[in-house]
Amino acid sequence: MRSNGRAADQVRPVSITRNFTAHAEGSVLVAFGNTKVICTASVEESVPRFLRGKGQGWITAEYGMLPRATHSRNDREAARGKQSGRTMEIQRLIGRSLRAAVDLEALGEVTITIDCDVIQADGGTRTAAITGACVALMDAIDHLKAKGVLKVSPLKQQIAAISVGVVGEHAVCDLDYVEDSSAETDMNVVMAEDGRIIEVQGTAEGEPFTYEQMLEMMALAKTGIEQLIAAQKAAYNN
Amino acid sequence: MRSNGRAADQVRPVSITRNFTAHAEGSVLVAFGNTKVICTASVEESVPRFLRGKGQGWITAEYGMLPRATHSRNDREAARGKQSGRTMEIQRLIGRSLRAAVDLEALGEVTITIDCDVIQADGGTRTAAITGACVALMDAIDHLKAKGVLKVSPLKQQIAAISVGVVGEHAVCDLDYVEDSSAETDMNVVMAEDGRIIEVQGTAEGEPFTYEQMLEMMALAKTGIEQLIAAQKAAYNN
Amino acid sequence: MRSNGRAADQVRPVSITRNFTAHAEGSVLVAFGNTKVICTASVEESVPRFLRGKGQGWITAEYGMLPRATHSRNDREAARGKQSGRTMEIQRLIGRSLRAAVDLEALGEVTITIDCDVIQADGGTRTAAITGACVALMDAIDHLKAKGVLKVSPLKQQIAAISVGVVGEHAVCDLDYVEDSSAETDMNVVMAEDGRIIEVQGTAEGEPFTYEQMLEMMALAKTGIEQLIAAQKAAYNN
Amino acid sequence: MRSNGRAADQVRPVSITRNFTAHAEGSVLVAFGNTKVICTASVEESVPRFLRGKGQGWITAEYGMLPRATHSRNDREAARGKQSGRTMEIQRLIGRSLRAAVDLEALGEVTITIDCDVIQADGGTRTAAITGACVALMDAIDHLKAKGVLKVSPLKQQIAAISVGVVGEHAVCDLDYVEDSSAETDMNVVMAEDGRIIEVQGTAEGEPFTYEQMLEMMALAKTGIEQLIAAQKAAYNN
Amino acid sequence: MRSNGRAADQVRPVSITRNFTAHAEGSVLVAFGNTKVICTASVEESVPRFLRGKGQGWITAEYGMLPRATHSRNDREAARGKQSGRTMEIQRLIGRSLRAAVDLEALGEVTITIDCDVIQADGGTRTAAITGACVALMDAIDHLKAKGVLKVSPLKQQIAAISVGVVGEHAVCDLDYVEDSSAETDMNVVMAEDGRIIEVQGTAEGEPFTYEQMLEMMALAKTGIEQLIAAQKAAYNN
Amino acid sequence: MRSNGRAADQVRPVSITRNFTAHAEGSVLVAFGNTKVICTASVEESVPRFLRGKGQGWITAEYGMLPRATHSRNDREAARGKQSGRTMEIQRLIGRSLRAAVDLEALGEVTITIDCDVIQADGGTRTAAITGACVALMDAIDHLKAKGVLKVSPLKQQIAAISVGVVGEHAVCDLDYVEDSSAETDMNVVMAEDGRIIEVQGTAEGEPFTYEQMLEMMALAKTGIEQLIAAQKAAYNN
C-alpha cells in the first residue's frame, strides 16, 4: 500500500481545463492531484532564423515555476538573472517531446511556443506539463485550421508523460512529492498514443536499479499513459 | 458612456479568492474583470542582512507576468536574463505600498515576501496586485499569530490600489486594456482604509493634464478604493 | 524654518551651464545647490527598429551616478553588471517626461538620447536631471535646425521638475539630502511651462499623507517650477 | 554493416591515459575513437555550504567543449556569458552518475570536482566523459588515501557510460558523429560494474521507438559497458 | 611640426583641480588639453576578504566613460550589462600603477578605491586618469592622517603617466585623438618621480616599431612625466 | 644560476605539434616546458559586420584556461558567466599581435578566429599562446591557399612572444611559474621575425625597474624570440 493509499498503477485524479486564460491560442490548466500547471500555446506565423526558407515549422517550449509553487519559496529565476539547469533540462524535454508528436513540414512556416508554468507543485510537474501541453497544442492547431492557415492537422498522434519510480522496494506510477523524495529510482516516460516511446529518462537516486525493475516501471508507465491519453481525449472532445 | 458600458466611477467586477494555492502562508487569486493575478505571501523568520539586529521586520515584493498573459506573447524574463524596467518599477511600488501598511517593528524579525504573478492581463495589473497582496498579507499575519510568533497584528490598516485616467475628455476609474491604450493620462493611486494616500503616480501619455483633471481623478480613486476595501473585507471575513 | 534656512517655497540656487562638454549636440551641467548633473543630448538620424517607417522620431534617456557622487561609495553598475531598479525607474521617468515635451512626428526620423550622469548628489537628482536635460534637448534641436534637418522646432514647450515633500509637519520644496532622509512624504512633479502636469509621483515614506497635504505640495511644486523654467530661459538666451 | 565498418555491438578503440596533466589529483585523457575528453578531478577538503556539518562529502561536475572541438566552430560559452542548456544537462548527468558510484558519507567532508573538457568531438562526448571521469575520480581517491585523509576507498564500484541507438533499422552501440546525426533514436546508458543501471536517457529523434527496440539497445549497452569497465581496469592497474 | 602645433616633447596644457566634488576623501578633475577625467579616492577602513588578517591595505581602481565623452555616443556599460575588455584593461593598469606607488603594509587595513570617470575624451584618457588619481590618492592619505588613522604617509613617491607614439615617422608625446588615430605605434608609460619605470605598454598599430624608436619614445616619456610630476606638486601644494 | 638551472637567456624546451586536433584548419599544441596550450585557427569566409564591404579580412582571438590547468582549481568562466579582466586582456593581446603579422587586405573577406586554450599552466601562457597561434595561423592560410581562396599568403612575417623579467637582481627570459611568482618585474614582448617589436608590456610587480634593466630585458627577449622563430620554422617545415 502506498503512503497516499493509491495502488501501484493508479494515477492521481487528473483534470484538464481548456480555455483557462483568455489570450493564448491554446490554454490549459492541467492538474495531476495537487500538481497544477498552466500550459499555453502561442502561435506565430513565422519561424526562427535557422529554419527560414526550409519549408517547415517549429515547436519550442519554456518552463517556469512560480516562486511559491513549492513548500518553501524558491528564488525567482527572472530576478536571479538565469534559468537553472533543472529548468533548462525540463523545457528542452517538453519541446523535444512535442516536436516528436507533430509533422513539422505539414505545420508549414509556423512557430508554436508552449509555456508551462507551474502554479502548485506536488511531484511530476514535467509530466503534467507535457500532458497538458499536448492539449494546448491541439487547440492551437484547431485555431490555425479555423483561420485557414492549415487544412489538415499536422499532429501525428497524441502524447502524454508520466513518472514512475521505485519507492521502498516497489515500483509505482505518478509519484507525488512525498514519494518522489524517498524514491530509490525516478523515471519519466513520454509515450505516444500507439504505445511507442518518445523519451525515457531514468535516474538512480539511491542504489542503482536492475533491468527487471526497469521493465516493471515501463509496464506501469504504459498503463498510466493510457489513462492520461483518455483524459486528454475526454477534455478535448468536451 | 465608456466603451465597456461602465459609469465613470464604476470598478470592474472584483473577485478575491483566498487559499488559491496550497503552500504559501497567504495565497490569493484576485480578479479585476479580466485581469487576474496570483498573489502569495511567504513567511521567513529572519530578516535580510541590512536589517539584522535592528529589531524590525521586512516586507518585499516581486512581480512577474506569464509570457502569454497578454494579447501577444512577451519574452520570458527568466530566459532573457533580466527583469524589465517596468517590472522593477512595479515590484518596487508593491513592496513600498505594503510596507506602509505595516508596523515593521511590531512585525519583529520576520520577512514576508509577496509574489504577484499575472496570469491574465487586461489593464490595471499593478493595482489588482496590490489589492490582492494586502489580503494575502493579512492571511500570512494570521498564520504568524496562529503559530504564536505574533500576538497582535502589525497591520495598521488595509490598503488598496486603483488606476484612474483621462480617456477622451473624461476621467474614469479602473481602466481596462482598451481604455488604457487610448488614455491621455494614466494615474495609479494607492490608498489606506482611512482615505489617506500612500502612493500616487500620474503620467501624461499624450497631452499634459490639468490640476483640475488631477483632482477629478483623485475623487474617482477615492470612490473606487472604498469599493475595493469593502471587497477585501468581504473576502477576508468569508 | 527649514534646517537649511530656506523658506518652504524656496528652491536652492540653480545654475545651468551650457556647452559643458565638447562633443554632444547638447551638453549641460545643471546644479540645484550641491546636486550636480551632467546632461548631454546625442543626435542620431535614424530611429529604433520598432519605429522604422512610422514617420516619427524618438527621445530616450539613460541615468547614472558616479560611484562617489554620494556620501559613501556605491558599487559601479557597470561592474555589477546591471542597473538597479531605482536607476531604471528614474531613466524611464526622464525619457517619458521629455517625450511629452516634444511633437515626435515633427521631429522626424531622428533619435535623441539624453544621458544624465550625477557627479555630486545632495537630493533631487532626478528633478535636476529633467530640468537640465530639457536645455540640452533645446540645444540639440537648434543643432538640427542649424544643420537643416529641421525647419521648425518640434518642442511644444519647456518642462522642468521639482521635488516637494512633507518634512516634520510642513510641506517644503526642492528637498536636499538631509530633508529627504527625514521626509514623511516625497513627491516629484514634472510640469510644463503652461502649468499643466506631465508626471506626478508621490510616496509616503512614513505615514500616509492627506489629500490636503497633496494640494499643498502641488502648490509649492508650481511655484518652484516657475522659477526653474525662468532659469532655463535665462541660460538658453544667454 | 555500419558505415564505419564496426559490428553492432562493437565499441570504438578506447584509450585512457592517466596523469595527462600535472596539477590535478586525477587527470585522464579518454578517447572513444576520435572523441577526446580531458577529465580532471580536483580535491578540496571542505564541502559546499548546504552540506556543512552533515558529515558527508560531495562530488560535482562541470562540462565544456573547446570552441573548435567540433566540425564548425561554436561560440565560447565564457564569452557568451552563459552555459547552454545542453551543457547544463550533461554536467548534471555526469555529477549525478559519479555520486551514485560513491558512498558520500564514507568520503567525509571532502568535495571532488570533476571537469570534463572535450578537445575533439566525434559523437558520444558525454559517455566518454563519464567513463574517463570515473578513472580520474579513482586516482583522486588514491591521492586522499596516500595523504591519510581516507583510510578506505568510498568508491562502491566503477561506473561507465555508452551511447546506443537505432540507425536505419538496426540498434548499434557507441555511435560516432555520422551515425548520431542520422539516428532515429539516441540513448545514453550509465551502468555500474555489477550491471545495474544508474541512468538511462533515450530520445526519439525521428519516429518513436518500440519497447522491443529499447530492450535491444539495453542489451548492446550492457555488452559495451563491460568492455569499458575492462578498459578502465586495465588503465588503472597499469 | 605636429598637426596641433606642439613640439615633439611638448605635453598639452595640464590642469589639476582638487576638491572637485564634495563627498570623496580625494577628488580631482584632471585635464590634459581637451581630455577631462574626474578621479575620486574613496577610503574604507577594512580590506577585501583575500587580505583579511594579513596586516596590509589595498588600492583598487575602476574606470568608466560617460557615454557621450566621445565624438559619437558609446553604449553605456551599465545598460549593456558588462564592462568592455578595454575598460577592464585600463582599470587594471590604473590599480596596479597606484599600488606600486604605495607601501601597502604601511597603509594598514585600509582600502582606497579610485574611480576614474572620463567626462570628455581627446586621447590619453588612461594616462590622464593615472596622473590625476595620484593626486586624489595623496589627498585621501592626508585625510587618513588628519583623522589619525595613519601617522606617516605610505606613499613611496608620486607617479604619473603619459602616452608617446610614432606619428608619421616621428616620435611625439601626449598624443591627442587625431594623432592617436593615425599613429603607427602607441605606447603608454607610467613612471615614478625618481625616473624608474612602473609600467610600459607599447603596441604597433600599423608596422612593427624598431628598438631605436622605442628608445626615442622612452626619452620623450621621461621628459613628459617630469612635467606632469611638477604639475601634480603645484596642485598639491596650492 | 636560476632555480630551474637554466642560463639567463635560455628558453625552456619548446615543442610545437601541428594537427593536434582534427577539425580546425590549423591546430597546434605548443609547450614551453610545462606550459601547454592548444591553439586552433578556424576559418570563415565572411567578415564581422563592421568590416563588411571594406575589402579586408579579420583575425581575432579568444583565450581560456581549463579550470584545473593551474595548481589549484579556478572557477570556470562559462559557469561564472563572465570572462575575467585578465582573460580579456590576454585575448586582446593575442588578436592584436596576429593582426600585425598579416596583410588584412591581402587576406580578403575572410575571418580567422584563433582559440588558445591552456591545458596546463606553468608561467608564460600568453607568450606560448602567441607563438603557437602563429603556426596555427600559417596552417590555416595554407588551407585557404589549397582551397584556392588565396593565391599568395597574406602573412608578412612570423611573430613570436616571450616573457622576460627581473628575478632577484638578474634579468632572465621565459620565466616559469616559480620565477614569475617572485619576479620584481614581468615583461612580455611580441616580436616579428625581422627583430622589430609588435608589443611590449612591462610591469613592476615589486619595485619600479630602471631604464637599464629594461634594455637588458629587451636584449634577452630578442635572443629568446630568435629561438622561438626557429622552432616555429622547424615545426612548420616538418
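Think of it as A, B, C, D, E and F in the order they're written, each chain with its own count starting at 1.
Just so it is clear, a contact is a pair of C-beta atoms (placed from the backbone, for glycine too) under 8 Å apart; a residue touches a chain by one contact, two chains touch by 3 or more.
Given the structure is predicted, the values throughout are model-derived calculations rather than measurements.
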item	value
Shortest path length from chain A to chain E (each step joins two touching chains)	3
Fewest hops from chain A to chain D - one hop per pair of touching chains	1
Greatest separation from chain F - chain, by CA centre	B
Separation of mean Cα positions, chain E and chain C [Å, integer]	33
Mean-CA-position distance for chain F and chain A (Å)	50
Inter-centroid spacing, chain F versus chain B (mean Cα positions, whole Å)	59
Junction residues of chain D - those touching two or more other chains	81-82
Ring walk, chain B to chain C and onward	B, C, E, F, D, A
Residue numbers on chain E that touch chain F, as the complex places them	82, 85-86, 88-89, 91-92, 96, 100, 187, 191-192, 194-204, 207-211, 214, 218
Interfacial residue positions of chain F with respect to chain D in the complex	21-24, 27, 34, 36, 38, 40, 42, 44, 62, 64, 66-73, 76-79, 81-83, 87, 113, 115, 117, 119-122
